[in-house]
Amino acid sequence: MTDIPEDEAASGSQTGNHPAPPPLPENPIDATQTHVVAEFKHDIPLTTCRIDPTGTFVFAGAEDFHVYRWNVSGDDTSKTIFAGHQSWVRSLDFSRDGKLLFTAGYDHRIGVWNTADAAPKPINMIDAHKGWVRWVRVSPDGKLLASCGNDNLIKLWSIPDGTLQQEFVGHDRYPYAAVFHPNGKRLASFDLMGVIKDWDIETGKEVRSTEAKFMWGFDQKFRADMGGARDMRFSEDGKTLIIAGLTEVTNAFAGVHKPMLLLVDWKKFEHRHKWKDDAYKGMVWGVCEHPGGFLVASGAPQSGNKGMLWFLKPGEDKPFHSVQLSHCARGLDITPNKRQLAVPQFDGKLCVYQMTAPHKAV
Amino acid sequence: MQREFGCNHIDHEISRRSFVAGSATGAAAVGGLLTPAQAKTLKSGQKRILQIFLQGGVSQFESWDPKPGTKYGGPFRSIPTSVPGTHICELLPHTAKRMHLLSIVRSVDLKTNDHRIGRLRLEKGRMAGEFPYIGAVASKYLAPPNPPLPGYLHISTRGIEDNTNAFLNAQHAQLKLLGVNAPENLARPAGIDEEVAQRRNEFRRLANERFAGRGGQPAFTEAFDSSFEMARRLMKRKSLFEQEPSAKDVERYGSHPFGVRCILARELLNNGATCVKVTHHGYDTHAENFNFHLEQLDEFDKTFCMLLDDLHDSGMLESTLVNVYSEFGRTPKLNQRYGRDHWGASFSVAMGGCGIVPGAVVGSTNADGTEVAEREVGGGHLFHTYLQALGVDTSQDHDIPGRPVPIGDPSVAPIEELLA
Amino acid sequence: MPPRRFQTIVVLASMLIAGLRYGAQTEGADFNVPPPPPLPTSIAPAPAEQTESQTEPLRTDIDFLIRSATPNFDSLAAPVSSDEEFVRRIYLDLAGTIPTSEQTKAFLKDGSPVKREALIDRLLGSPQHARRMQYVFDEMLMERRVGTDIPATDWQAWLRNSFRDNKPWNQLVTEILSADGADEKLRPAAKFYLDRKFDIDLVTRDIGRVFLGVDLECAQCHDHPNIDDYLQRHYYGLSAFLKRSYLFTDSKSKKKMLGEKAEGDVKFTSVFTSEEGQTDPRVLNLPGIPDPEPAKELYIAKPAGKVRGIPAYSRRMQFAKAMITEDNVDFRTNIVNRLWALMMGRGLVEPLDIRHSENAPSNPEVLKLLANEFLAHNYDIRWLIRELALTETYQRSSITSLNATQAAKAADAFARGLLKPISPEQLAWSSVVATEFTFVTMNAQEAALKKAEPEAAAVKIHDPLWREETLRKTLKSELDVVVARFAGQGGQKTSFEATADQALFLINGPNVQKWLQPQDGALTDRLQKLDSPTELAEELYVAVLSRPPTDDETTNVENYLQSISDRPTAIREMTWALLSSAEFRFNH
């Protein structure tokens, strides 16, 4: 495990009442020096996390149905509860200005909240899907919210009033994730069976459809399908759709499979690169693009507690760096300044990592 | 709801008539084993069992004993049912509407987390040892003397071969049907018509008679004989396996394997089967417990309810015990793969129909579902309950010469509050 | 050197046995079979003038202990089997099929007083015996598991060669438990581990069941709730030998093998009591085997991505040693019980893998004697099987005129021969022997060989090993279908299950129909050529049931032939009937 340098650990959870350290000049980005800078603790497994657009807060869903908010800086380790859902929240997103938080609940509802409230209450709870709401994303112009759920539908809602604008019908099995293209005109979605669809926001019509069947497995013995995306993002330039999940399912019910990232060339709508870790049984739970030309992915193993952060150059088969986590990752997000990463974990911890050399002890 | 028989109506009438005649003698033969009140009921017709085995261990949290909002409750919500006050998991919306036909036992503790042992304890009603399965016991005491079909039929695609009849005659052993496929070799080969078959079989019978006369081991030779007898009966019922299910049935039950198996199960029950077990595979969810239960229970819920409706609408439910069970439940604690592991210590089964008080909930688990809170029962209690509901006095010894073995585990009793 | 046993009582025993045997001869006349032949000297009472240093052969002591365990044994005991009973039984048990017509006739005609012993010895030395043992031990060890890492043919060849060489049991087990799959020569032996995917819990449980006769499954999570003898530490003691080992895939060959780490201990917690325990590797109640002081270098090869870990001190390599040590009585008790069950039709302990104080052996003295003698004879399987085959107990008739209760008592006391359901392999091979489809097959093979290797053929076609292997290879895929149909739950067992689908296979299945076709060399073809119905009946019964027909049966055959105009049809039907009869289905 990465050692926590004393000065930075002091600002973390262990001794939260210490005075903040004096400001130091920032070290340059160096992923190979990634280290923990803050650790927040919760007593229930976390399900996902996101950092708000201002880089102030990190939010995480937990298996106790609540969403929790911490200060990314770690200066204050107290958490704020967002209570209102009656099931797990597996996906979060924010309005462009960061003032609103949207939560996708397995209680069939989408929650709308004020991000910064001291005593948060839902502004709105939208009965969104029949069955779980698996994913929410805000459009680049901030006017639309996309959701997908277990009714196999993708829906678009207007922000902020939460009225239904559009329904995309076409997936035969559960869509796991849906993300807007940076140009704001298209939406990509990915389902249980590895089907990727490209939708026109304006018309609600399916434009293209392709498959990544290798990210799905049918277990003959148990007669069950396993697949879907655990995270999905567009690259900032909109040229690549990045899908995180699994491949080579050999035993669905024991969760024996390998972690996979798929990079889809959006223009050609074909697979550009497939990355998997043959030495690691498990799942990729989160992925982020870094402007420095690399990807960061977080993973959870099939057994044991060796969660993982992989640092990869797109197109390369081997990560150029990896960091072992203290437990299974359940997601991943990156701060707006692209210096820090947040990882929610199965053991209830939320860890913040910094992709620079640690500061020397003062 | 209008009931659709997929099979020929004339066939049906014939089989009904012969079946009523058969069961009257059957009742007389087993009269000694019945409780007096039940003996009368049994005389009016054969009783039978439908077992739906959710293989691998369905999660009690995601089915009969939801605990939403608790530490281990998972993400699913509970929904009200047709029985006021009884809630089940939202994954069973169709079943919820028919809850007044069923009862739940929420306090089963099998004291094992092993697939095989769990199954054996439920099927045999004993903690250990060689005893016949419920289906074999039903075949012995409920089937008429010359049943039109083997007494204990199991529709499944795989699974371990067990000695299901133990010390009972092998004619009561489970006959496994591979999915809805007819047993292989059901058709006579070219050149062997009924007459040829009979005369060569007569020659065979003479040989067997002589062999049995040398004082062999009757259990072995009778088992061998009865396998031929069953083969002959199955050949006569060949058409049962050959008819395509109607489009309407497929639409109602589903076109997936479990759907068409349940259609076959209904036909077998309609045609005089005594115990039909349908296995629905795929509940051993050590990973992705919730996603897999979504899939599996979606299949189970609708299909099971169509079968339940058909039994109910035809009046068969009154003489058919329906039993939905697994070899154990699943752990309260979620593992790191969103899986639940094996858990035999506090889980649920459901039952209904013949002889069972409907709409009841027996027993409970504690708030987090980690242990039985009240009315703990094991495989033995359930075994007594199922069979007594069908009129078999399980406190009696088996009707086997020189074998004073109680039918049910004498150290436990049936769940009286469930017996109608 | 064989230990001294109860010499003082041996004389008495011999006298009792002699008395029984003479009684038996007259009794035999009650049955519809010819009286038994004069006593073979090999199982005659030992000479009375034996000295202190001489001991009785094991068979004599077995028979004595079997007799003396049951009051009124004589009133229950069946006589010695007739030659017809014996020849079929011994062929099935030792060669794995019924005898051919010729073999049966030759044996029945043989007037030698030692012909039974001679036949036993001949069969034990035959390639068929190695094949039979291959089948038995494949089922016992792999329990009809379908594995992919070690090809079944390699494993079976290894087993067959082991039995051809009469490899002692302790050596066979050592090779299995020490195999890591890396050594090509011993790789087949790694099937036990590798085709259980080296699932520690499965392997631990199966080692307990198959090699020690105890099923510790429940003891994985807690001390056994019903069996006081089975403790959680027993389970974890066994698994501690293996816990450091892991499945490794060789990057070059892509083959699976076992690697091992140098560290790691076994801890366990009872799910009932939450008590924690820890154990060194140990076999049941034997002392634990602590690790030695760690060497400077922990590894010969340190485990890494592409490096198979080989520790300086391997716990797994201690397993075989600990298993076969003389102190491990369970190890030899298990195998002698299994071999007894194989020959006698029922274990002294039943079920074979659930031996504990509450489920004691039906005759503990015999079990103890077998275990001790097996050790004294260096785990020699062939020797033990020979001794068992030579006992009175084995050679008793299965025919009895006792009533059902008494007959069951006689069976419990091993006072009569028991029916043994023939194994799927025995059934498959006996069917093609009975229908003489083997001749059809071999005729074709011989012709092909003569064409391909005209010079070598003359010698080769008389080579028993070539004949055996050619026949097996040619018919394998066809007979695998039969085996699959009749194989239920895997594992050595003595119970009998008959299912409707098996009966359907015999009634309507294409295989049986094929064997009944009167091709050149087939039984039905041979019978068609016989004019005399009596002769036809004789040949039919000897071929299929390994005995001549009774007078009634001859009459039945004559009637059948008369009632059906088409003679070939009648022959096929009667052959089918006997092939599907109970008498054929059991070894009796």
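Labels for the chains are A, B and C, by order of writing; each one numbers its residues from 1.
By definition in this document, a contact is a pair of C-beta atoms (placed from the backbone, for glycine too) under 8 Å apart; a residue touches a chain by one contact, two chains touch by 3 or more.
Computed from a predicted model, the values in this text were never measured in an experiment.
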item: Chain contact graph, described as a line, ring, star, complete graph or other shape; value: line
item: Per-chain Cα centre nearest the global Cα centre, belonging to chain; value: B
item: Cα-centroid distance, chain B relative to chain C, in whole angstrom; value: 36
item: Distance between chain centroids, defined by C-alpha means - chain A, chain B (Å); value: 45
item: Whole-Å gap separating chain A and chain C, where each centre is the average of the chain's CA atoms; value: 60
item: Complex contacts: residues of chain B adjacent to chain C; value: 111-114, 116-117, 127-128, 150, 160-163, 170, 173, 175-176, 183-189, 192, 196-197, 199-201, 203-204, 206-208, 210-212, 214-221, 223-228, 230-231, 234-235, 401-402
item: Touching residues (chain side chain B, partner chain A) in the complex; value: 56, 68-69, 71, 75-77, 158, 257, 281-282, 284-288, 291-292, 294-296, 334, 336-337, 339
item: Touching residues (chain side chain C, partner chain B) in the complex; value: 31, 217-218, 221, 225-226, 271, 398-402, 404-405, 407-408, 411, 418-419, 421, 488-489, 495-505, 507-510, 513, 550, 552-553, 556, 560, 563-564, 569, 573-574, 576-578, 580-583, 585-586, 588
item: Residues of chain A defined as touching chain B within the complex; value: 44-45, 63-65, 86-88, 106-107, 131-132, 150, 174, 192, 221-226, 228, 252-255, 300-303, 305, 327-328, 346
